[in-house]
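Before anything else, here is the set of structures, which you'll find just below.
The following pair of complexes shares a single chain, subunit A, combined with subunit B in the former and subunit C in the latter.
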Partner chain A sequence: MFFIKNKKGADKMLSMYWFAIIIIVSVGVVAMVYIFYTAPYEVRDAESEVLSNQFANCFSRGGLVNPMLASVGEFNSGFDLLGECEVNFVVENEYGWSQREQFFVETEFYSVDDLNNPKLVLSEGNLDWKPSCFIKDKKDEDYDRLVKCNEERIYVLGEDGEQYLIKILVGVGKIDKNVRQ
Partner chain B sequence: MKKKRVFKKNKKAEILIGNVIFILLNVLFLFVLILFLLKQGDGTIVLEQLYAKQISLLADSANPEMLIKIDMERGMEVAEKNGIDFREVVKITGNVVEVKLGENSGYSYSFFNDVRLNAYPDELNNEYNGLYVLTVVRN
Partner chain C sequence: MLGSKRNKKGQVGETLTWIVATLIIISVLFIFIYASIAMAKVKSVGSGEIKSKAQETIGKEVDWIETKNEMAFARDSSDRVRIERWLNEKQEN
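So, the complex of A and B:
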């Protein structure tokens, strides 16, 4: 029994094999390039930091409490958080963002003598985001798809010389434009 | 007696044609691949997003009466290549920054600082120098 060498057939098989290899490698390259170039830039950490700074600068004027916020030891519960601090939570109308606010802020004002009971709590925006701020499991694959929060604590002096602690917690959603879908 | 001319099938030539077609197909395939990579790598989509977010963050951190210059030279080159006037690259509507470097593309991102932002390209001797000027005005 002997086998005749089928050189022509073997050549064709080899060509097909190489063509398949080239296609597989090319698909891999295209996929890698696509994944690399379509990954959005994550800017929410910077955004939340700047947002909390904006509120901190609004509450504290050179170390003294903003007179619109508190005077003679009394906090103004009607303080317009967004208006007075020149913040606008309106966002572009994409991904249904106009139906769901993409920011929130919650501020608590304490007298340093009593850090358990806030003298005033003010909040604006979408507070549904708030529980996400307390999730610390960064290994969770969905962690990046949570709201990015930033907490800031500042001490200010009142007109009467009393010290106040202000806790500022802000959150930025905008997940669709900062995290790969 | 006249000899008949007989053309035999040239097997070697057949193999050559097969190889040439195979090589041509490979070259075509690689050409399309390189074209795709170049299109992705020219930066239109990446730069649009980069500039829109950069301008938004600058606006968030800015105070009224500020004048900010941002280097957009690469953006200017891409816009020129895509036939977009550099003056039309950055548009600000309310608190939304839109950057457009291609005919069928564009990226927008909003800023939360309640200020009015104006954007226009910087010019030197009536020529764009790749810088964009942002002026911040109290609302």
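So, the complex of A and C:
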């Protein structure tokens, strides 16, 4: 008799135990899903590459330089970088981004005779971001909170057969949306 | 007396089993939570995911910039070595 009563109590305890385990596991699963899906995607690498490709496409057409950019061996210093290349740096009005530009582009144009001194430098956007592009310490925990940059170099020919080299450096800020706070 | 003692021993053994089982369940849960934190940190859309239509069609990697450079070299490849050296000096990010 004593044994039977005891067994009933043990069964009750066991079902409470399972109930507690189900709750713990459910909370764990919800926590895992929440942690993973609320983490932002880092898209800035892709974004900076897309932007550099857009500028490269604007400067070089089938291997020939855009005639608006250079002709008769001279670069056009009045070239409208954003307008001609159909790029805008307009961003969402969040995190105070409208007060601080989140992109920059710097392009250096060289003649093949002198690869150290650019003949023309054109830039747009927030150039305060630029020094971050040269920090390479990826192990630093704050590295992800820096601007993501992409550099591309292209070789183009002028209509007159002149050889030009172009360096494109693009940086994307937008830290608040791409890195977990 | 003897029966009660035996019963107690059985209960202790069973309780220990459940305590160990609970610990295992909770530690597995923590491992999974830790893994989800680690995976969340590396969520990114890299440039590798962006494939151009041409890339999908021909089924191999196409570098947009390299293609442009090759087009220019096809027209004039004089000083190619020097130019290529300069092109390859670009900083990797």
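Note that in this section the second predicted complex is superposed on the first by the 147 of 181 C-alpha atoms of A that agree within 3 Å, B and C clash if a C-alpha of one lies under 4 Å from a C-alpha of the other, contacts with A are read in each partner's own complex, and residues count from 1 in each chain.
We adopt the following convention: contacts are C-beta pairs under 8 Å (C-beta built on N, C-alpha and C of every residue); 3 or more make two chains touch, one makes a residue touch a chain.
Since we're looking at a predicted model, the values are computed, not measured.
Of the two partner chains, subunit B is the only one touched by A:I23; subunit C is not.
In the superposition on chain A, contact of A:V50 is made with both subunit B and subunit C. Contacts of A:F103 after superposition on the shared chain: subunit B is touched, whereas subunit C is not. Put simply, more of the residues of subunit A are touched by C, taking subunit B and subunit C as the two choices.
With both structures placed on the common chain, the touch criterion links A:R145 to neither subunit B nor subunit C. When the two structures are aligned on the shared chain, A:M32 is found in touch with subunit C, with no touch to subunit B. Touch criterion met: A:C133 reaches subunit C, while subunit B stays clear of it. After overlaying the two complexes on the shared chain, residue contacts for A:K119 are found with neither subunit B nor subunit C.
Once the two complexes are laid over each other on the shared chain, residue contacts for A:V87 go to subunit B alone; subunit C is not touched. Judged by the touch definition given at the top, the superposed model places A:I154 against subunit C, while subunit B stays out of reach. Overlap of the subunit B and subunit C interfaces on subunit A comprises residues 33, 38, 40-41, 43, 46, 50. Touching subunit B in their complex are the following residues of subunit A: 8, 11-12, 15, 19, 22-23, 26, 29-30, 33-34, 37-38, 40-41, 43, 46-47, 50-51, 54, 82, 86-92, 94, 103, 177. Listing the residues of subunit C that touch subunit A in their complex gives 3, 7, 11, 18, 22, 25-26, 29, 32-33, 36-37, 39-41, 43-47, 49-50, 64-65, 68-76, 78-79, 82-83, 86-87, 89-91, 93. Within the complex formed with subunit A, the subunit B residues making contact are 15, 18-19, 22, 25-26, 29-30, 33, 36-37, 40-41, 45-46, 49-50, 53, 56-57, 60-61, 94-96, 108-110, 112-115, 139. Across the interface of their complex, subunit C is touched by residues 3, 6, 10, 17, 21, 24-25, 28, 31-33, 35-36, 38-43, 45-46, 48-50, 52-53, 56-57, 60, 62-64, 112, 115, 133-134, 148-157, 161, 163, 165, 167, 180 of subunit A.
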